[in-house]
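We just call them A, B and C in the order they show up, numbering each chain from 1.
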Amino acid sequence: MKNSHSHGIIVAVLQVIFFVLFIIFAKYHPDADARQNPLVNGTKLENKLSKYHSNADSLDTSYETNWSHSKLYPMFQDVHVMIFIGFGFLMTFLKKYGFSSVGINFLVAATCLQWALLVNGFFHLHYNKIIIDINALLAADFTAAAVLISFGAVLGKTTPTQLIIMTLIEIPIFVINEVIGRQYLGAIDMGDSMFVHAFGAYFGLAVSFVLYREDHSTEKEGSSYRSDLFAMIGTVFLWLYWPSFNSGAAPGDDQHRAVINTYIALCSCTLTTFALSSLVDKEKKFNMVHIQNSTLAGGVAVGTAADLMIHPWGAVLIGMLAGTISVFGYAYLTPFLASRLRVHDTCGVHNLHGMPAVLAGIVGCVAAAFASEETYGPSLYEIFPNRAPAADTEDFERLQNILPDLEAGPGYSAGGQAGNQILALLITLVIAIIGGVITGFLLRVEIWGRLRTDDLYEDEKYWIIEEEEEEHHMSSVHTPMTSPADNGTSK
Amino acid sequence: MKNSHSHGIIVAVLQVIFFVLFIIFAKYHPDADARQNPLVNGTKLENKLSKYHSNADSLDTSYETNWSHSKLYPMFQDVHVMIFIGFGFLMTFLKKYGFSSVGINFLVAATCLQWALLVNGFFHLHYNKIIIDINALLAADFTAAAVLISFGAVLGKTTPTQLIIMTLIEIPIFVINEVIGRQYLGAIDMGDSMFVHAFGAYFGLAVSFVLYREDHSTEKEGSSYRSDLFAMIGTVFLWLYWPSFNSGAAPGDDQHRAVINTYIALCSCTLTTFALSSLVDKEKKFNMVHIQNSTLAGGVAVGTAADLMIHPWGAVLIGMLAGTISVFGYAYLTPFLASRLRVHDTCGVHNLHGMPAVLAGIVGCVAAAFASEETYGPSLYEIFPNRAPAADTEDFERLQNILPDLEAGPGYSAGGQAGNQILALLITLVIAIIGGVITGFLLRVEIWGRLRTDDLYEDEKYWIIEEEEEEHHMSSVHTPMTSPADNGTSK
Amino acid sequence: MKNSHSHGIIVAVLQVIFFVLFIIFAKYHPDADARQNPLVNGTKLENKLSKYHSNADSLDTSYETNWSHSKLYPMFQDVHVMIFIGFGFLMTFLKKYGFSSVGINFLVAATCLQWALLVNGFFHLHYNKIIIDINALLAADFTAAAVLISFGAVLGKTTPTQLIIMTLIEIPIFVINEVIGRQYLGAIDMGDSMFVHAFGAYFGLAVSFVLYREDHSTEKEGSSYRSDLFAMIGTVFLWLYWPSFNSGAAPGDDQHRAVINTYIALCSCTLTTFALSSLVDKEKKFNMVHIQNSTLAGGVAVGTAADLMIHPWGAVLIGMLAGTISVFGYAYLTPFLASRLRVHDTCGVHNLHGMPAVLAGIVGCVAAAFASEETYGPSLYEIFPNRAPAADTEDFERLQNILPDLEAGPGYSAGGQAGNQILALLITLVIAIIGGVITGFLLRVEIWGRLRTDDLYEDEKYWIIEEEEEEHHMSSVHTPMTSPADNGTSK
């Protein structure tokens, strides 16, 4: 009992540790360093940067400063809204778990942001320092998304302490997997469908699988009319800002294309979801679970290839496929997983993130297999750096005439790139599942507390709850000894 | 009965048709085409574009690339929020129709976006292809707004199938009307008050007029305390982002002016609405219906002239007038229309969009009549292209010295432009009403289903509804045979 | 009784006065004036502006046009969301005061924006005209924040008329205080923690102190489960967009740094808040009041020094301190203030805005005391203009070689600047408290009405309320004479 309430101390200690790590390691990026920007006057950031480079002798120029923070900022903010409003409210669908959904989401996300700044930084140290700029903030938000997806799988079934521990373990594994995929395999994944969505979903499902072997179905694991409306706030903001998620890190025309592809895939996925949601119901009614979740699957499924030349029709097709597997997943696969495999998935992250992200990985592989200089022009070698020919080859010389800045690469073929794409997907799945299983066992240690069946999907154990008006009515009918006069005493 | 549940199949088939049309017609704009942007490196989009033009011989340069997508994107996202959060939640005021309000709004909007991309594209084909870029996405959002306004007039009174059919018919008529107004008449309408708001409102009212001739007042056509709070989410986001709606498509100082004018008009409209809402009530209380809707009328009314030199005081005045006609409309005109003319208007779109948009058209006409080179400088001919003098005139030569890029025009006088403004408004009203009437008759065809009076303003027919906690209480008192144990079985 | 319902007329008259003042004084900034921007063509705003300057002889060039409105606009919109959604929904936590919280917030904010445009303009007249551009709109939003913070202190305890009068008085005092602090003392306060948060909080507390001397605790001054969820919408949007609030007015790298510092401080404050919220509770439960408010204290506390070189660890530390004083404030100080000093603070603005803003002022003083050319480079003199050396000094000549645009200043030492920082804080507190006390006495004049104890924290007196479903149930049990058939008659 006592252990299950130690979360206050654990969070406090953790924050102090973060503080110490920030003292030792964190440093502003030169773009955000006053000493490095002597000629700022508010007018021309571009000019400022070029002057900055021309004064190179007196300044530290060992960093890339090729992205103006003010261009990235609006998309960063959109992603920020997705993390805190989107994920937070999406999970408020549970009728008695609203405080935890939006509140614990808030706590976990704020933990993620600090921890991800540190861990991402540790993997990209610069003279033993972690460099912080708007790109680092955005990367931290992406990392948080993976953890919050895992949170969705175990929603209502963990103590706050267990979630904090899960966060601390998941993020380093996440970063290792991403480094393997991107740096070693050269896999591309613009919208982070593999590295965030697939990873987060299968990690969370593995945790859930290990933690909850018994059946614990309860009437509280349902929604109410009002809680479903709150959840729609989350759904719609996620849906709206998904183009920013998939395109935020992309440059120039890649970004433009990623916005278009995501917008279109989400639209076609939405129609598909509504159609199938009605068709799979015996009374042909729409199911709020599908509308809240499957409409978003198109954004996941188009993520990996969002910036590729998949053409508008490709985006439509991906959205349709994503909506289809997601609704069918909710209708048929989730009950099967829960009853046969005992994998309980509170939010259905397997249908919203897991399967659509596998689809995304496959789409990315196919798109890479068909990518050619004919379609992409010389941009091919900027989008797939591994396809750039080796230095000293004839092909490299030819390209250098067109693209003076081109860096030499290993000269992968289209098939080679496609193979590495699928390899990155498989490695992600393996690392996520193994990582999740190990984490699940660690979370079973008694010290983190554990929820009794009565406390599942219920805010009451961890939140001071004003007695609800609704409860009043019920109690005034069924249990007259609880008088309304007791109301508010807990505050 | 069966027909009324065919919406799933209809939506599925429609999505497949969209897919085929995208295969045949849709194509990325060169700005979003990798092959056309060989020198992208993430640093300087502007430079990229200029290089793109200098490499003109090897590239397709038959498009205008004069708007950087990254500048437009934040305003596009604001409009996107208005469409899905703004309209969606604004309509959740009905106490038993929240799922449909935000959910069917979602379905209709996603249908609109795809259909509008196609239909807008068909009217501006380029070598038989529909060209998709961020401007096309934004235009699709604007088109969706018109349909969602019409949706507001018939809210709670149609089957999903009827709405889908209405969407399919309304959009081509919308585009035809806009082409007539903008291209043939040279009317300007920066915030689309005439082409979106007036069109959408009168189209919807005409549909409602034809569809519902009988009286069908019901207690369910009301709000509850919580549903009114949900609706305020929609109201406030619409209010906040309206400056983006009115200025998104404007260049340079026009955009700046449109932001200022819209901001000011909305503020003055809000005070006017609160004042009159209280004054028209016999107990001097504020009415949530007015606060949710009439506060927005200023954004509509200033739309047509948002980028014109109406001066800050002009914006204040327009906001005051708009708030006044909107509150009076709700207080006196809506009941009259409903009882005498049998035009039933669920959301009061006539007061929020209809009359304020007519005001906007008149304001646009007046502002055009007073527009002179003295006030606007040579910008006059960029804002009103039809006022540019004919080639080979003395006036044209004089202007070319100042504005080398100026294109010759028909040389309208201020009065001529003002006349065409009012003509565009009248044509919009006529086309909207005739189009709406015809659409209304088409929607009465039995095949699309029809709601019985019991199903009006009620989610239950088309949505799987968890039995509400509130319902529990009621049933536990009034109808004890419905036990709480039944709860959740539908999920 | 009659007087308490005169708010409709007062608001109407006020709007007419605003209209007259706009006619006489308001004018577009040249950046938003068509005549001043002859070469606009939508492509290159930067180019346009430079051409504008080169055509200087024919145009009015007495204004600075050094900030492109399109760069500022996204951050302006974020702040706009904070004012209307953030503050509006944050205050909906009261269970029976939701309409007033979001609705009266809307009215007061729209009043503030117009009045602040005018009053700010009166203090910076240009040839007897108030110049309106995007910067003026943003400044008006900041000013509104101060008034809405004061509103939080008196929430549920005033008539609408009293709030309008408070707004009219508070804004001029606010502007005078800011002019003293910024212009005369040269104090810097990037995120307006002193000038907005400290001022607004202590002004509001002083008003509350004078207005409400008697005890008026009531069961209605509590939240419900659903109202707390609505409040979280406000909290999370405030939290998300706070970096825009603290950095919106900053140029270049200052803005980048302010975004980073605010983001980090908010994260560390959030963990601290959760930890302490649990630790101060005897059952170790989280308290929604803390989560809704104290998580935001980090944004306030880092505000003054947001753009300074406080380093990432400094931001972490500030967030931790802010969360600590805020939670302890709610847990121990607020009850003490209410019972002993009879300062009643409905939203706890003292804990969210007051004390954290005092901390911000102290942090700003410390950061200024340590600011040196070694850390800041020559940027020091752009961030702290008062530290620029006097003209004709040797130091000034040295600097001019590096910074040709540098303007001479009074040549303050680090200690001198630090002293002025703390002086600005103290003056702000004094002016706010005296201003608030005087305003409080003015609000006690009978003519503005006054709430009876029964009407506190209750929408019913000023809003038409649909009978709630919840009420039905209760009445159907307890007071069967109120039949459901009465429902909706008020609409």
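Methods note: a residue touches a chain if its C-beta (ideal position, glycine included) is under 8 Å from a C-beta of that chain, and two chains touch if they have at least 3 such contacts.
If you're wondering where the values come from, they're calculated on a predicted model, not measured in any experiment.
**Student:** If I superpose chain A onto chain B using their CA atoms, what angle of rotation comes out, to the nearest 5 degrees?
**Tutor:** For the C-alpha superposition of chain A onto chain B, the angle is 120 degrees.
**Student:** Would you mind working out whether chain A and chain C touch using mostly the same residue numbers, over half shared, or mostly different ones?
**Tutor:** different
**Student:** Could you grab the centroid distance between chain A and chain C? Build each centroid from C-alpha atoms only and quote it in angstrom.
**Tutor:** Roughly 32 Å, centre to centre.
**Student:** Residues of chain A that touch two or more other chains: which are they?
**Tutor:** 74, 226, 233, 470, 473, 477
**Student:** If you look only at chain C, which of its residues touch chain A in the complex?
**Tutor:** 46, 66-67, 71, 74-75, 78, 95, 219, 222-226, 228-229, 232-233, 236-237, 239-241, 243-244, 251-257, 259-260, 263-264, 266-268, 270-272, 274-279, 281, 283-289, 291, 295, 309, 311-313, 316-317, 320, 375-380, 382-383, 402-403, 405, 470, 473-474, 477-478
**Student:** Considering the complex alone, what residue numbers of chain B touch chain A?
**Tutor:** My answer: residues 5, 7-9, 11-12, 14-16, 18-19, 22-23, 26-29, 31-45, 48, 69-70, 73-74, 77, 80-81, 84-85, 88-89, 92, 98-99, 102-103, 106-107, 110-111, 113-114, 117, 132-134, 137, 226, 230, 233, 461-466, 468-470, 472-473, 476-477, 487-488, 491.
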